[in-house]
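Everything on this sheet refers to the single structure shown next.
Order of writing sets the chain letters: A, B, C and D. Residues in each chain are counted from 1.
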């Protein structure tokens, strides 16, 4: 007899995840009543109370809740309280959630159940970095010139930067990655692009020449002084809020900037949902061993 | 003393070309009065008659004219007759135009002047293929899933197909190129992708598996029978009108299809203008030798 | 009943081809007696006369003969005359050979049989270009420095040059391709490398900077004057004899040069044999249709 | 006045480093008397005692010594005791060495001088991984078949594995990377190759299919049981001694294996020397700040 999965709330990513899981498991949904088309292989309900079953696995969205009280369920006509989920679990239920805060943890702890946070898993972070890179390249392709032959500066050399370098590698752009650590600059070379010292951006001349700048560093890198050097650059800021650009100064100086947040869910919700699904499967496989 | 260039009519591409040429030459414009911002390094006029000079080089748009009578000048408030251009040329003027038809040729032949068609140049075709590939990838990136890991089928193995393979190479997609000639299939392998015989698409199973199909062949390749096999494919048809897809059948069968024409001018007008500029420079350099 | 293939003579490529064909056909060999290990799935004989069968397909080596009289059979202890092959064919036999000259054609024409030259097929040329590129990169890797970060100049933009650009693309070298035609230089850009005008190599400074030069042009490109500019370059000449380098001048000037000929057969005999086999299969498939 | 560098002992890497430093600094050498050609920009001596100067920077080889007593100086006719180096340093001298052991540290500590170990620097490790990857690909290219189209299995997903994936990316091989951690398998996908669970190699079928296996994991991965599955693989073991392959079992089972150690110094000594030089420069730059 196969396991019962209940997926409660979430955006398009969780609809995609539901269809993916519907191929192999018995899947029930709650909080998706606004979706006009049925999700293949899934049983839909409006409110949790309509489900008179216990979940083997309960999958909560990313984030689980915005206010600690209501479930994050944009596809639900009615509001769903987190408390309404409790009748769906028994002590054998495994609960998965993304960025589950203390309130959520406390709620389920009352039933003796811990929450596994899939958002803390490294493989999800890595694959989301790739989704972010694809989304960022899509934004760059809206510029009226080709990426081929353009000068691109990438600030930072973490996961998103590495994914960007890889995705951009076929476009024939002139890539420079700027990082503080000399080992990160060495990685830039291994990946076939030029490197610059992010602590000495002015001296490198990279800002003045750049057509597109992708920032991945979550710290104020592009301050007013450096923005003055950006002669023609369009800045795509991928760092989590507040980002790495002095926006007021950029606006004043006429340096175009877009702060692109949560790209996986926005640009590739289907893939982003599958990534969450795969991460949950990895967790389950590891538990089995 | 530097040469006088007159650029008459055209879209954003020719505005970009004007700015590029304005860096090195004395450039006059006619037919760009609707542009709100000035073009750097260029002298603008509304009507050709306002220019009381002779051009050393006269650059006409792509295409020069739609009806054989009026200049193709979307940025001009008033209509400009091709005849109005004649006072701008002397027998020493070199005239360049894109897809200049018989009427245009005849008009200038009356003044003893031939027209060099930059659109017939191979390097322009090659670079436009690259611009087309970037534009096509941008369309593909609008899909709700990532290109990484998706199955992409490219029909044809000409310039656009080769540019597509190259541009897509960093995305980690599963690429198959289908061509009729065995040597073209060999090229697909040299470029690192799988190949299939386009005359035996059904047998290959490539259609059924494809997430995205790029068609580059200007012939009816995807007929009703083959479209029936496209289970989930989104088709991006890059072949010039009427394209390579039975659109009526596709609509009926629910196979999503977009016919993306003239991508260089639409998706990358600045680069497309520079490509035309570079082609004209190549022609001039070759004449000098 | 399956077809009888006789493979007569040839080097390691034809041993590999024999094993490949031995998986699907009834394969007899002659001229391979020096090979110490048996070829899987094949029946070996020393002299053609020992084979008392007629071939459905007779496969001759590349080249078929050096002198028009003896079969090219380096793995045979005894010499084999071309004439000795005649008893193996009937008028229904298809004969394949590589670079078959007039003597060979005449010999079989006497029996009413034409020879299909697989070496003239475009797909073989394309795949051999890739094998050549791999062999050439292997030579370059013998240098005491890494290809990553080195400056590489490729002369020409034909098949081998394109394959080289592709194979080298992961090494992070600084690639420049030099070609005469502006459309070929456009291709270089599409493939993500810099381009130079081969008619103006001196002006480009590319020779002075190059660490490695791959020549693919079968004409005297690197004459004494240009060789004087090669400050540190190691030249790998891939053009068929007499090659594209003034060897006497290079030796005198101390510019290291290697003339690397017939790389597919030397560096990748197994693959080169499979390529010939695949080409023959393509020919047979096309005949069937 | 420029600093005085003394380079004492070492192999070709340190000769290359000396020439590199000779372009900018005053460089003295000891322990290179066997080198037949002069090193550009350097003053050579046989024995340290012939140098009547103090070094601002003293550069010792990698490793500094094999036995804790004699300097590692393969290009020296005579043996050089580590003690002989002491007169070359003052308390202002900075001493650099690779894998300097306790004896060496103690010796210089007696003079109040610490040794900076460049071999512990992350950027050196990263760039050496790239040099290792190039050397490993060179070994693979000696196989009689092309890498294009061959099936390559990479065990591990550390620095060398990542560099290998990158370097191999232009060859069109069918790449699979096997790793234990799911995040490492995610990285494999980001880099465009397939992934497998190294703890379940048997189940994946990857061993049976592989033409070439690169091992980068310093643990016994390929034991007798797994080696039995390697039907045609050639194994290139890049893990430091004792490597990751049961060599006795491999020999018995006829699985060809090469243990390729210290590839940077062997395959690309000039680059490996420059990498050490660059690392030392990074250290000096960081001290300045």
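The rule is short, and it goes like this: a residue touches a chain if its C-beta (ideal position, glycine included) is under 8 Å from a C-beta of that chain, and two chains touch if they have at least 3 such contacts.
Source: prediction; values computed, not measured.
> Please state whether B-C or C-D has more C-beta contact pairs across its interface.
C-D
> Nearest whole angstrom, what separates the Cα centre of subunit A from the Cα centre of subunit C?
49
> What is the distance in Å between the mean C-alpha positions of subunit C and subunit D?
A distance of 36 Å separates the two centres.
> Which positions in subunit D are in touch with at least two other chains?
Residues 130, 148-149, 166, 170-172, 189-192 of subunit D each touch two or more of the other chains.
> So with touch defined the way it is at the top, what topology do the chains form here? Options are line, ring, star, complete, other.
complete
> Name, in rising order, each residue of subunit D that touches subunit B in their complex.
Against subunit B, subunit D makes touches at 148-149, 170-172, 189-193.
> Please output the residues of subunit B touching subunit C within their complex, sorted ascending.
By the definition above, subunit B touches subunit C via 121-123, 125-127, 129-130, 162-163, 166, 181-183, 185-187, 189-192, 279, 282, 286.
> Which of the residues in subunit C come into contact with subunit D in the complex?
12, 16, 130-131, 134-135, 137-138, 141-149, 166-172, 267-271, 274
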